[in-house]
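In structure tokens below, several structures.
Look for subunit A in each of the two complexes below; its partner is subunit B in the first and subunit C in the second.
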Partner chain A sequence: MLSSEKNNSLTAAPRKLVIVLAVVAIVFLLTAPWVVPALSSKFWLNVISEMLIWSLFAASVNVLFGYVGLLSFGQALFFGLGAYTYAITTVHLGWGFWPAVAACIVVPTVGAGLVGLFAVRLSAHYFNILTVIFSLAFFYLAVSAKEITGGDDGLPFAAPRAELPFGWTIEFRDAGVQYFFILMVVVLCFYLKHRVVSSRLGLSLTAVRDNHLRASLVGYNVYLVRLSAFIFAGFLAGVAGMLFAIFSRYASTSYFYYTTSGEGVVYMIVGGAGHLFGPVIGATSVILLREFLSAAWENYLLVVGVIIILCTRYAPEGLAGIWAAILARLTGKGERV
Partner chain B sequence: MLQLKDLRSGYGKVSVLQGVNLHVNQGEIVGLLGKNGVGKSTTLKSIMGLLPTAGGSVEFEGLALNSIAAHKIPGQGIGYVPQGRGIFGALSVWENLCLGLPKDPTLEELDRSVFSRFPRLKERLKQAAGTLSGGEQQMLAIARCIAMSPKLILLDEPTEGVMPLLVKSIQDQVKSINQDGTAVLLVEQNVKAAARLCDRIYVMEKGLVAHELASSSFRENPDVLSELMGFSKTAA
Partner chain C sequence: MDLIFLLAMNGLVWGLIIALIALGLSIILGLLDVINIAHGDFFMLGAVGCWFVLAAGLPFWVALILVPLVGLAFGALVQQLVIKPVQVSPSLSIVATFGLSLILQESVRATFGAAPQRISPPVSGTVELFGVNYDVYRLVAAGFASAVLAGFFIFLNKTKFGTRMRAVRLDKDMAIALGIPSNQIFMATFAIGASVAMVGGIVASPITSIEFRLGIDILPLCFMAVIIGGLGNLPGTVAAAVLISVTEGVLTAFVEPTGARIATLLFMCVVLLVRPQGLFSRG
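Right after this comes the complex of A and B.
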């Protein structure tokens, strides 16, 4: 009962339909490495992996905008930090897979803490601009530090191989194994996000989003609440960046660019800000649209643009909001969705 | 317990409070009356640290409030129900009641402190607060405040915009909260209501306390207050 998410997500929907859809989604995700190539080609398995990663990245934008009311156009910074931490630690420092993964968690999270110290003091467009500036500063830094980052060419590396106990290994060369690793990490991160937004911290995030002045009147330190959200969002974006680097065997300076942040914002808006699975729905829809349309029409981004305009105008809670509203109407429940 | 000495405050360069002096003793209901724009709400906001003080002091149980951050003031035992209710519309009634508490309350705890006074809220626990009626939102705002067990509550026009049927009920609850030991500083436009509830009343004019009256001087004849406020006769 504590979570705002419970208040505005799918709790009003008919439970049975939600359970059926959830089971179908789970079965599909668990069997995708076999089912998808059998139905079409392995290409689509990679597309699903990409959807999962971008869902996680959009979730980081969602933590800030959907739950605490801060629209960041600088999440690319932490995405890039995650990607480059993996590339630099493995290529330049020769670290193994797990130490590199640990570094990919620590570096973007600490980075978000440092940037957040300054950024969350500001609100609205001042916050938007500052986050973009930080992201651009790192972009130019990464481009100029060619010996470390590879500059415009980026930093490629070989498919990772992770050692496990009892002599087992995870071979990322195998697309199916790689897919399951990405799926596991994304699911864990979403579970963590669910726990956070359902906790008392989540309640304080929503209170600050609703009205930061009132939140301070009930004893919340608005600065600390926003900083906590910023750090958590940085962690999620960093993990997404790491996964994307592992997935593409490459870290690019373009990951730091604000257009990467924009992708996260688009997926969140289309999917539905403030909904736990909004980013998944948004990333899945837009990436599917891209894959189908891009083959037919090179200017497919115009269609994406129109969809975003329509969403912001007619469905401010995105596809997740529309879905929840339809289900609520079907069941005649009037609770906010 | 609350002492304002020569308090000066305002909005940016616009000075509103010109040196307010007032105090609230333990167990009292103190009224703050005056025409619109004389600085009643500004006084409450300054006490809560929402506006920077330009001079003077705000002390609560010996602690200088104007030297601590706004979010630390509720923790000292001061609750504030601002004008316009100040609830969190996107959160449910239950979530609103949980805000600011160190841990989740049990239903039994809230039964004692909140639902015994405002039973309508218990029927609407899962409802989004923004969908409550005006009177229920006001009840929730007061309920959220008392859930934190404050020693002093600052109420800014609690019956403004509330349907007449609920006005009396809210006023009765304010009295009842006070009888349980919580002091109240009440900003009110309704002179009759203030006269009925308050032990002492300050009348403000142009950012200053112009008059201080004990209940003996207005309880029987609220018109005294209207005259001091510059109204010809008592408001309903």
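Right after this comes the complex of A and C.
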């Protein structure tokens, strides 16, 4: 009893710190369309939108690696599918906004189900390579199907306009409106991710990650657990791809290439694998770094490369891991916060 | 028919070059348990290194000696600095090599420039081969690549060091228990893998356009060779590299290059699902 009381009194200060930080972040995100242009320029509002989208993409990689222990270098496949589903349904099929969005949820999720059927059966190395190969197959397919995808030039479209009930509309031409739409979708997806990883399924994910042999022996169906994670990750990547297409009014074949997957992996590792907000921290810090460095130095990716290597060596749990370690030291507790 | 012969020959030359890269990829995966995403960039460094040597006014053969030697040292350094600290975790090591890949590409872009460059082959002219005039340099390149491949297998199978490498690949713990200096073996394996990929880059440099993205484009093909040949099956990897490259080459007579690539990818998926041990491995 004594020790727990001691812990409680010590956690009070850091817990307050976390709450203050969270409130600041929420207030900032909700007022960004007015605050950010007033402080600097509208450009930064778009940068924040971009950070939100890439956070979501990194979250997709995180679901697989951080929670179930599968490193996928092929999430670009579902990102690209999300982006192209939106572009193709609106440009070629003339669908409205909401039906297109529905398709953007269905197509990557179903795609992840199909790829997952094959991929999650394989052991680690084969899984890594097979996910890359599947995304490459779609990359080449997209490049060769010029009439549908625009080939190397990509598929541009006009700023979307979404009809709401009572004659209201969402105009994506307005950067602020677009920002709120992206924020809403990303927050919703992170809430969903939180619900999934803290559910019974989430527990079975970490059980499989930590020891898949033991997990299978105590009765978990490792194949099904991995497949569920793969499908959920595909859904998240697909939504991120759709948002990025809407945001940039463009779908590009390069979204399918393994270097796009690599970006998601980098954000996740820098931010912290296995932490709910790791991808957000990673995407935010790397993109901030990019915006500041790229203005000064063309070869800023060199710095990003060095950071990745330093991260794998000294901070394998990323910035979120460092933060958790600092909090643990402050509270005198050894466990993750 | 002439066209198909020509495409098959070109495919053979590229297949042997890809085999050089894929071999390194395979031994690094087999011994160090690392999927080296930067391996294509070692190939690119070889080509760029060759360009720098020629730009300095030195002849081609100097590049052929100098660049792989530098590559050996560079590979050893990279293994010590980047790979060794994260070798315990295969997933982290993949991420580290992705970072390495960014560093290598950006360093080359900063020094060599973003524009593609071409160099002229050290030997020019054509010879008549089955009624087709064929580029002499490509034949020399194929011969040289085959010689390096043969040298690699002799090294692996006939020397003491090669035997130790095979021992570590077969059973790491047992090899360490028997006193084989595994750290040296890991370093040497990575260095040799990097160096052989650079040889591939030098050989390929006169028949391709040299740029910092060269590695990104060739890496997927090398992975396919490793998978189709079977993980750990080195002769199988060479055979698969040549098979993929010749097949894709011949297919381009009938379909677009991307179509040929899709066909290879589908073939690889079938191999993965039906014969995950590889096309050329038993059991």
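In this text, the second predicted complex is superposed on the first by the 322 of 337 C-alpha atoms of A that agree within 3 Å, B and C clash if a C-alpha of one lies under 4 Å from a C-alpha of the other, contacts with A are read in each partner's own complex, and residues count from 1 in each chain.
Keep in mind that, in the parts below, a residue touches a chain if its C-beta (ideal position, glycine included) is under 8 Å from a C-beta of that chain, and two chains touch if they have at least 3 such contacts.
Computed from a predicted structure; not experimentally measured.
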Touching partner for A:His125 - first (subunit B), second (subunit C), both, neither: second
First (subunit B), second (subunit C), both or neither touched by A:Asn221: first
A:Thr312 touches, of subunit B and subunit C: first, second, both or neither? second
Contacts of A:Arg200 with subunit B and subunit C, given as first, second, both or neither: first
Subunit A: partner with more touched residues, subunit B or subunit C: C
Contacts of A:Asp210 with subunit B and subunit C, given as first, second, both or neither: first
Which superposed partner A:Phe73 touches (first subunit B, second subunit C, both, neither): second
Partner chain in contact with A:Asp152 - subunit B first, subunit C second, else both or neither: neither
Residues on subunit C engaged by subunit A in the complex (per definition of touch): 29, 35, 37, 82, 85-86, 89-96, 98-103, 105-107, 109-110, 216, 220, 223-224, 226-227, 231, 256, 258-259, 261-262, 265-266, 268-269, 272-273, 276
Parts of subunit A lying in touch with subunit C, wherever the complex brings them together: 65, 69, 71, 73, 118, 122, 124-126, 128-130, 132-134, 136-137, 140-141, 143-144, 257-259, 262, 265-266, 269, 298-299, 301-302, 304-309, 311-313, 316
Parts of subunit A lying in touch with subunit B, wherever the complex brings them together: 1-4, 7-8, 200, 203-204, 206-207, 209-211, 213-222, 335-336
Residues on subunit B engaged by subunit A in the complex (per definition of touch): 48, 50, 69-72, 74-75, 80, 82, 86-92, 94-95, 98-100, 103-104, 125-128, 130-131, 144, 148
